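Next come the structures, one after another.
What follows is a pair of complexes built around chain A, which joins chain B in one and chain C in the other.
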Partner chain A sequence: MSRALAFLTRRKGGDAWDWTDVFTFLWLGSAVFIMFGPALWLVLSSFKSPAQLAEFPPTLLPYEAQTVVVEGFDRPLPLFSVTDEAGTRTLAEVRRVGTVAQMVDPENPGEVQRVNIANRTPVREVGFSWGNYLDPFLRFDFLNYTKNSIFVTGVATLITLLTNSMAAFALSKYEFRGRGFVVVLIIATLMIPLSVILVPLYSIVSGVGLINSLWGVILPTVATPTGVFLLRQYMLTIPDELLEAARMDHASEWQIYWRIVLPLTAPALAVLAIFSVVWRWNDFLWPLIVLSRQEVYTLQVGLNAYAGELNVQWHYLLAMTVITMIPVVLVFIFLQRFITAGIAGTGLK
Partner chain B sequence: MTGVKGMLGAVVTAPLVALARVLEVPLRLWQRLTGQGGMVAFFLLPNMAIFTLFVLLPLVINIAYSMTTGAALFLPERTYVGAAQYERLLRCTDYTNLMTCQEDQFWIALRNTGTFVVLQVTLLIVAATITALILNRALRALSFWRAVFFFPVLLSPVVVGLIWRWILDRNGVLNAALVGMGMDPVNWLLERNYAFSAAIGVTIWAHLGFFALILLAGLQAIPRDLYEAAEMDGTKPARVFWRITLPLLMPNMLVVIVLALIRAVQVFDEAYVLTGGGPGTATLFLTQYIYEVGFASLLKNPGLAAAASILMGGVLIVLTLLQLALGKRNERKGRLK
Partner chain C sequence: MGRIQLHDIRKSFGAVDVLKGIDLTINEGELVVFVGPSGCGKSTLLRMIAGLDKPSSGRIEIDGVDVTPRSAADRGLAMVFQSYALYPHMTVRANMAFGLQNTNMPKPEIDARISEAARMLEIEPLLDRRPGQLSGGQRQRVAIGRAIVRRPTAFLLDEPLSNLDAELRVSMRAELSALHDRLGATMIHVTHDQVEAMTMADRIVVLRAGKVEQVDTPLNLFNRPANLFVAGFIGAPGMNLWAGQAKDGAVQLDSGARLPLPSGVTVPEGSVTLGIRPQHLRPMAGGPVRAEVRLIEALGPESVVHGDMGAGGTLLAVLAGQPDLARGTVIELGYDPQMAHVFGADGQRLA
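And then the complex of A and B:
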């Protein structure tokens, strides 16, 4: 036993364990639990029926009550495991009167037995309430919200990539009067958060008639100073000789931009695209203000509205939260390396 | 991996490439007519037009906006009142008792935000530093551990708020665990101090990975031979931390602290979805105050909201300038090396 323990706690270099190792072990162990646990709990809960969600204490896995079709009864009857003086057996409930349940043996449906409800527990097995996921799409507006979110995310990202890279190109590859001023202006507004300009921005968006329009959500977000800044820094590293050589070959400035500079900027564009997708998918405060009609809600705004109702239907809400989480989790799984490199390198978020 | 990347890349670039091709002929003509200057204007125009209309212009008219009153949305239709909105925000008959202030909600939001900033940033920085130090210990499967901490960073604030609302619910899993251990259940989101702590804890949960990642990058940049030299001299680990690790981590640490401050001052979405500002006004923060006064409440007062947002903007500008100054200093130091 002690030898096994010694093997398990053996360390590289044969050093003894000190308190920092124990601490590392504890910190990482609880981190797995605290960081992944809540999201995992959300996913497990989202498959539970409303009755199961109301249970306290909750079960870990989603269960479904078993039913059985018994001769002589139209609808399937719920199955219960009954334990009393007569022993333990599985019965189907016909009806309940007060504290007494009338039950039948599925094998022998003729004879009705009376059982105190304290003596029975429902027979359940692991089962998933897929309806939690289907109903919001079929009966409520969630299909619409999803479409709106996809539209906003896709269009905003495309416009961001195009306009930001064009501006970054002009600001990095041409000498002109006022260039320094524009660059300083962009850097100065780098940190101006939306919450500082909410009110006047609303009046402007309303002035151009974009309230309750998805374009009113998209346009104020696409001229991100962050994007211009990031792309410009990257383009500055592209040697000007390349551009000169292209001009010798009679390439137009536009061709130089999209055939030479853009492909060389691909890594920075990829980082910006990933961040833009995550930003726009997750945007909440601005859409919340611009969109007040249900047809134009994005997923985030729709979820919030749903969660704010007097009688929160948690079984639907949890399932839709999982749906909202999926694209970001996919981005995380496949593109984590780009994101962590982007943050560590530029402090971007 | 490359397959997915290639496919994603193709989906994103295909429409852009098509657009670029279509534009080639008219733009060659434009270049011939206006020369390089015209092309520079063309490249700058879309971004700068959007930028001017939706970032610069609001910034400028916000100041004018904060000096007007009334319910009208457009600036020319509003009545000029000078500094009256600021006076209304800041006036109290007795500054030791917030309830005597004309806009007591603003002062409550200010106090809550102040408390939040101090507590959240302190705890967040300590936790992020510990995490970065641990991740820097040449662990096996570093990318997995990094992912563990980083995963919540990408989640939307609404999702984060809802995940935790579900866990902290009266009949939630946390109370089930408490009852299981023989303790009394707690109304996490309906008791003032618990709700406030929950707002702090949840925002730390959501952002820890981001800050730990920046600190980790700083730690990894510290030359290994410094540690080897210290080891040869038999320096105690605590001393190594205070004399080598922390001073060399300082540039990153300062950036992280300022970034965390800037974010904490603006705290809104996670807390709003989690508690809605409640119970009562226990978790009412500045951004929510601005949102409610400007948009959500029945008695909308956009002028007052603008004034409050300018006061908040003032704080953020100071913090931003601080960050830029620190960045400059780091750059100079980097060049000296």
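And then the complex of A and C:
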């Protein structure tokens, strides 16, 4: 705690606070607020009940109305704090008619009191609606969606690493006519956005019968120009003498790739793996087009199902948004240094 | 096993001729050093023998078999690279085993060969480390060990000592020579360091601009250089080479000095270059070589004197001990005419 305090009161030096110190802390503080505020609000809101989400003015923390089980009533009754001529007391609501509520004292359930609803406020304390998280998994198909997402992300990443590294190996370690042209061609495809090739790509995927199949999501995405370029730049730094030594050591070209080049490319492969996981996990547009049956939905497409035409189930939507964020956040928290180190190492911006 | 013959090897990169017809025979068990200035094609020639590059024309034979079309792996040679080219992600043991595993050798045999090589090179404690954890000299040994376990017909060493510091280079030089004696295998060693060449080689191949200038034993190269280039390249400090006109058993220099030629040889009159090694000059009052001292490098046991002979001629002399000389004084030196080398106008040796 004292260390945190020392950190937060650091100054650039000197005896007193300089205006630049104040400015820096304000600047950084507002940046933290702008970047983490929405995420924090999302997480807190994901624990709110639908009624509370619709409430105005909104609250920061999720609250739950207190209920009490009263003798003679089947279901728990909500508690209210009532203030009127008779003083302040805590009553449970039996039913409400117009602006008047019929309420009972939990200690004395026989006597029904009539209270104007303007004179009462609900008794609430901080509470979390875990149902927002549990229901999609238990009652809806979210477990299935998660499985699909993990399958798509995992398999697509593996295939991406394999094919891209093979392409990068050939483009970095073999001299052949037109090599530079091929590299430029691959990099040029970076300029073509998905929306441009959406329709022809759909015809192809539909033609080979991969509509409503997870492979239809995986296969069109595995060859990424970014990945080939990133790996190629890294492989260019592997000295050719290593390959020649391996060649003299009776290694076949496949062994050179698999046993020499691939292990040495590990840092760049890690970077590409991180990117690929994030890309595939967050993919929305392409899976939305290819997948139209509930059983093959991925998380992102499944989330979309909560936003109906007339009615948006915000509490589920928010909770599942948090769930889909978790892997990406974890990847960035723990693997951030690999990303920066790896990108710096490949000379890629 | 291990006789390598090169027949008219030529190599061009585009319009540039790097090797211009090399004929060479390397005998079994010989340690041959390719030496020459940077860019003379010595590494290219070695890579050609290794099979890493293909010659534009010519034939390479190993033990009488034409191996020119064969790949590097099928020539039965092992190479030690300048950068050692150890696989950084494998342990020393795995580095040495890699080439043997690829030929499907049984594991006990691999282990036996590795432990034998490790014992020979004293790298047994390092077997489970990675190359990154080794010093330069240790990496060098591992690189040699990786070559030894293959039991190749010949070892090809591409400037293997150039990445070591001066002290280590001297000791590794001796070790490599000892290793050659013990293995009795053919070795081809490429270097630009003539001391390395002189100390290690059975025979030295001096290359310049893609051509063989001379092939001979180290001492023959020193004593009887075939041409001006070899004369200037071999020996440190470099030979004094003075151009002049031969006449009546002596050479008349532009500065006016008359330097006697070796007796018993006939040198035709005309332009020649006289070569005298700095070590063969000695102080002699009234000697034929006169020069003004410009710089003295006192090394202790000997002193290197740089002098100015006038008319653009410079002098290098290695004098024994620590002679009492001051800059600007004129020294007179003499030499044994039998130690002088004479080269004709075409640069070839006359005597």
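What we mean here is this: the second predicted complex is superposed on the first by the 306 of 349 C-alpha atoms of A that agree within 3 Å, B and C clash if a C-alpha of one lies under 4 Å from a C-alpha of the other, contacts with A are read in each partner's own complex, and residues count from 1 in each chain.
The definition used in the following text is that a contact is a pair of C-beta atoms (placed from the backbone, for glycine too) under 8 Å apart; a residue touches a chain by one contact, two chains touch by 3 or more.
Because the structure is a prediction, the values reported are computed rather than measured.
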Combined model on chain A where chain B meets chain C, clash or fit: fit
Which superposed partner A:56 touches (first chain B, second chain C, both, neither): first
Touched partner set for A:245, first chain B, second chain C, both or neither: second
Touching partner for A:264 - first (chain B), second (chain C), both, neither: second
Touching partner for A:255 - first (chain B), second (chain C), both, neither: both
Which of chain B and chain C A:237 touches, first, second, both or neither: neither
Touching partner for A:121 - first (chain B), second (chain C), both, neither: neither
Lowest inter-chain C-alpha distance for chain C and chain B in the superposed arrangement, angstrom: 9
Contact residues common to both interfaces of chain A (with chain B and with chain C): 252, 255, 266
Chain B to chain A touching residues, read off their complex: 1, 4-5, 9, 12, 15-17, 19-20, 23-24, 27-28, 31, 36-37, 39-40, 42-44, 46-48, 50-51, 53-59, 61-62, 65, 73-75, 130-131, 134, 137, 139, 143, 145-159, 162-167, 171-173, 175-176, 179-180, 205, 209-210, 213-214, 216-217, 237, 255, 259, 262, 266, 268-269, 273, 276, 287, 290-291, 294-295, 302, 305-306, 309-310, 312-313, 316, 320, 323-324
Touching residues (chain side chain A, partner chain B) in the complex: 20, 23-24, 27-28, 31-32, 34-36, 38-39, 41-42, 45, 54, 56-58, 157-158, 161-164, 166-167, 169-171, 174, 176, 182, 185-187, 189-193, 195-208, 219-220, 222-223, 225, 228, 252-255, 257-258, 266, 270, 273, 278, 281-282, 284-285, 288-289, 300, 303-304, 307-308, 314, 317-318, 321, 324-325, 328-329, 331-332, 334-337, 339-340, 343-345, 347, 349
Interfacial residue positions of chain C with respect to chain A in the complex: 50-52, 71-73, 77-79, 81-83, 85-89, 98-99, 102-103, 146, 150
In the complex with chain C, residue positions of chain A that touch it: 239, 241-242, 244-252, 255, 259-260, 263-264, 266
